[in-house]
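After this come two complexes, each holding chain A, first together with chain B and then together with chain C.
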Partner chain A sequence: MDNLQERLRHIRGSAAEKRHNARTVAALTSNPGCARRAVLDAAGVDKDRLARHVGFPAKFGQSQFAITRGNAFEAQVKANGYAELLRLLRETLGLEIREVGSTNLEDVGGNTGQEVRHARSRQKLTSAAADPNAAATFYDHPLLRLDVGGSRVYLEPDLVAFHHDGVFHVVEIKSFAVIDNQADARKVAAAATQSAVYVLALRRLLGDDKVAHEVVLVCPKDFSNQPVATKVDVRKQLIVLNHQLSRLTRIESLVEALPPTLTLDLAPDDDGKFSRPAAEVIAALGEIEARYAPGCLATCEMAFFCRQEASGCTATLGLSVREELGGVETVAEALGLADGILVEGDDQAEVAAMLRTTARIFGSVAA
Partner chain B sequence: MSAVSSYAKALAVAAGRAVPIATRRHVYLSDRPLVFVPLALAGEANAPLAAMIGTSPHDPYMLLVPQPRNRDLRFGFAASLAEVVLAYVRSCTARFEVVGTDRLFLDAPQLLVPNAAGLGFVKLLGRSTRFRRTNGPYPVPAGVPLLGRWLTHLGERSEHPGSSAMLAMTQTLSAHWASGQSAVEDANLAALLGWIDPPEGVCGSEAALAAEDPLVWPPAGPSTDPAFDNEVLAPAIRAYQSATPDSPKRRRAVETLERELRGQMEPTWRLMWHAIKVLRRLPAAETVETRWTADRRDFSRYHDYLSTDGRPQARRDGAVAAARRLQSLEREQTTFDAARALDDPLVMASYRVTGEAFQGTVVSVDRNRRILSERGRRVTRPKVVVGTGDPVHLPVGESLRAPQRIKQNARITEIARSADGVLVTLELDGGMGRAAVPAPGSVPEVGDEITYTSVYPDAIRSPDLPPTDQTPWTHGGPPRPYVPTDDDAREAWE
Partner chain C sequence: MVFRVTSAAEALERRIDELRTAVRKAVTAGERERAMALRGALRRAEREWEDALDELADQPAVLVPRQAGPLLPLREQVHQALTLLGSPAAPKLIIAVHEAFHVGEMVPARLTSLRRDEERSFRSSPHSRPYYLCSALTADLLAPARGLLAVSTWPMALRVIGPLSPRVDFLNSAIRLAEHLDRIPEPGPTARRLLWRFAANIPGGAASADAMTPTVVAQAAEAELKIHRDADRSHREAAAKRARQLPDVEQLFGNRLRSISATGT
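Presenting the complex of A and B:
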């Protein structure tokens, strides 16, 4: 274990560790076969900076308007001692509770260190779970921990855990609108997956029966700022998440397969400029195998680099296209089989026949 | 994605430019479409920020909301937009024909937006404005609720397969060309057009790559580039906000916003007209006119409805309306798919690859074959044998049609497979005139190249639903008509 942490630290180099959050864990499960992402995340590499350094900056910055709106909405929902949130939860969960306490876990006496915060969160949450007479309480921004691919990651908290009658509910406040009881399906799916990460982390800490599989999603209603709460069942997401996390290749074996001296250190000089030549970093990155898919463009900082690296591969055209092309690795191979220039392998006979038919028919009409 | 379009994508990668997957244009293009490029403020549900709109590439009308969070300013935007859209709708009602008892306008509105997110923006804007009232609390200018009804109408219409009432340009282009990039990247209008019609001396992949730089090609909206938001837009809105009304400072702030936002929209505006030009180069497919007539009919009907009843569309469809809608959408989808294939050999290629259609040469014809029908009458049923190299995955007994002989049924009676290909024996029925022997030219001849397909509009049947007022009690009985409530109108738009 220490050896692994040492290796990971070496891969990261001198830069500060980049923390995981629910979003990154959720993204990890969307492409679990990607060793590059698994190693970079486990090592806490700042992928944004790395991508910039090798000349393929990520393109998903966040607009300050979105951030402002998100923060304003969250503050509004939590205002006056969580009054609005309590009203919503009473309605949504059918509770009779009149009063509710709150514990802010954002820092511990001004100390925002992860270990300290996690220790305090753990202590507060476990003692509440153990006490059958504990009063209903909001736990704001607890710092949770999750084991991802054999490596402990802290989840930058963005949630409220609501404890009542011996059960915890995860409350997720999001600023996308629910219009006529309908919301953007992709955003709801993303929120559900993120919440599932929190539910999982809480369950690993407290036990399965202590944390509800229904999370409460709080969003603005229609075009207003009025909050509306919806129960979302995340059992499906939990199963997927559990499954994906358990089959994530153990980081240890991934790291062992890499050259021992491999590092992605950008070697900042005294002025904070990165002195390591980009070509060297690219060569190092090449040692860690990636599995690019167009979906990465929206979730991974390294995507534009990986896309360039994968150019000419059928994977860059999307999963369904790749399948239609018989799942062969490169475009050249697919076209070669289609034209009959390449001789197919034993297991490719069917694929090759299909490609030849397509090529013949398409060619006869398009010419 | 079909096998053909996937193969075409592979070809596009190798060729360095997009490969056509259609030889005809399968959408209608109005002589003066209303091109609409909207921008929205990030983080809000549907806060219009700016828009370019117009029917001529040289004369866009620009709308602007200097502080998108301000309710009155948003309504101002909706009111100005209403003027443009409603004038356009009116201009489509100038001439009409009478079909039966119905008045059918010769023209109908066609709204073109850059991408699928643009469609979503139009629908939401329709939703947020159609319930507003011109009196009572929070009154809005007269055109706003009417704009909401029309935008909602266009939004709903656009979900009908084959409708050209409102089109997202990226989707329309993707239906006609395969680029060498994934569907995710095809949603970027600049990148897609870069593959289809790259500038002189540049290959498609380079053009697409260049198109991803938001400084060169700002996003086609409605979302803006986050860097633009943070570095340009936010300071400009702050400057506007902090200046006193009617002060020179505020005027300057508005000028800045206008200049910057115009810079964000103008490239997309040009792309839209470029895309229209590219699409016009394709000849219209045969059934485009029929589908556009359906759009005109729907437009005429809704126009009449607004002048007689005029209540806004419900927040959500009732169960009966939803079932009806779903059924018609499904039917239209299959009809549209079939019609496209009949109109266009390149689309037909998809069905040939999957074995639902085949093309081949007529090898023998029994032209004057007569048999006894089930009723004991002698009827003409010629037999033809077609040899093809296409994979044929059709059962004996299946009814087929040839695109050029769409009224003539061809039933498979025998399929013989050999190493050289497939011989399909077909029995023909109909489309041969009334005489005992088939009319000249009504039966294929030996040596003819012919295509037969199992996918054609007549093959699609779905059960009819009972009339709405006779909905059985098992399904809740006849639904009560939707009446908009005061709640609908009162809801905050902030």
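Presenting the complex of A and C:
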């Protein structure tokens, strides 16, 4: 493990480690075959900076405004002894009136180190599970840990609520609005997947029966700042996550396959400017195999770079197309087969026939 | 006594300034005739200004009810708000209480450094002030609780925060606010809005903002408080006992280095 950590540190270079969070884990498991993403995330590389340095800046991500608004809403909901949150959860989870205890796990006596915080969170949560009568009800910002493909990922849900029946619920506070009882489906889905990562981490720590498959989403209601709480069933997301996590190739074998001197260090000089030539970085990136799919554009900062790299490959056309064209790697090859210019290999017989038929149909329609 | 300066006198003051500058420039440029003319205009303006002032002196003084700018130093404003609340509170709540009941401005940005400034003041000259604005301590590690301010003259048990204390203090403050609203002659909408923020989050506190009455809010808060009070008190007293063993400065501002954790947690 130490040797692996050394290699990962070397790959990252001089920059500080970029922390994983539930979003990145969720994104990672949606494209488990991508070694590039797995290595970059495990090494804690700042993909946003990297993408910009090689000339393909990412175009998504939360705006500073959204982040600030999210923090403000969370602070409001938790203010004054969790006043608003308590009212909501009494209703949504059926808490009893005496269940008001809280423990803040954001730091340990001023110490915000990850290991220290995680140790304390683990201790508090396991003793709550073991002795519900002595437990608190709100665990604020607990630090959980999950093994993702051989590397340790620290995860921080907004809050975990402990119910008197001995079950924990993950509570996520989001600032997108629920208007007329409906919210942006994409955002709800993302929140559900993110929460499922937390549920998974908690279950690994405490056992499946101690953690509910329902999470509580707290959002602003309509156009006001009034919070509203909704229970969301994440069983489907949990199944997918579990499946994907088990398929992730162990990070050790991925790193071992790389040249030992490989590094993605951007070599910042005294002014903070990155002095490493982009071409060098691109060459280094090329050593780590990627698996681009159009879905990457919404979840990975390197997407534009990988797309350009993969242009001309059938993979860029999406998963279903790629599956249908199994074995035919490039668009040029597919077109060649369709037009009868290229002669197919043995394993391409079916695909080639399908392509030729399609070309004939399209040709006759166009003519 | 406050004089509201009329625009006439203000306009004259501006004109006088302009003329003075013009005179000086003319004199230094050697333009004697121009300088003389300007001097005449200046003397006329000054006479008019004296007349305007005499007129103001004859008017009755007008007291402005809410004045811009603080009347008290920040630390006293905070002390006032905390005394009303009766429990450790966060800056946002302190500001809300101040705006609801007290005169003068409270600048939020200055609150963030207040605790640090008070600690520095205490360290340089311990116990020299009648009170200090200090931290509340977490019961388990006796570290400064995030975002809470307390008053040093409060008993230690009030200045430690156990697992139930945030809710207990919220209910307690609701009662204090309700009682205060009942006492003062004209609470005003800001004060009522503040109480509503409490009432809305207490079972049976109020059906709506309009229907809210301070008496009912206090009763509802007391009903729930009864359930938590004993357990909270025993947590706090146990923690206070340990805290009293700390050096004075750490009793007020918390200890960050060592961890005196309670056994069995």
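Please note the rule applied: the second predicted complex is superposed on the first by the 342 of 367 C-alpha atoms of A that agree within 3 Å, B and C clash if a C-alpha of one lies under 4 Å from a C-alpha of the other, contacts with A are read in each partner's own complex, and residues count from 1 in each chain.
The definition used in the following text is that contacts are C-beta pairs under 8 Å (C-beta built on N, C-alpha and C of every residue); 3 or more make two chains touch, one makes a residue touch a chain.
The structure displayed is predicted, hence computed values, not measured ones.
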| query | A:Pro220 contacts which: chain B (first), chain C (second), both, neither? | reply | first
| remark: Larger residue footprint on chain A, choosing between chain B and chain C, goes to B
| query | Taking the superposition as given, does A:Leu4 touch the first partner, chain B, the second, chain C, both, or neither? | reply | neither
| task | For A:Ser63, decide between first (touching chain B), second (touching chain C), both and neither. | result | first
| Touch check for A:Gly318: first (chain B), second (chain C), both, or neither? | first
| Touching residues (chain side chain C, partner chain A) in the complex | 90, 92-93, 138, 141-146, 163-170, 197-198, 200-201, 203, 224, 227-228, 255-256, 259
| field | chain B residues within the chain A interface of the complex | value | 1-4, 6-11, 13-14, 19-20, 23, 41-46, 124, 127-128, 180-185, 205, 212, 214, 224, 226-227, 229-230, 233-234, 315-316, 345-346, 348-349, 352-353, 359, 389-391, 491-494
| Once bound in the complex, which stretches of chain A touch chain B? | 59-70, 175-177, 179-182, 220, 222-226, 294-295, 297-298, 311-312, 314, 316-318, 320-321, 324-325, 331-332, 334-335, 338, 354-355, 357-362, 364-366
| chain C partner contacts - residues on chain A that touch it in the complex | 79-84, 86-87, 90, 97-98, 100-104, 106-110, 136
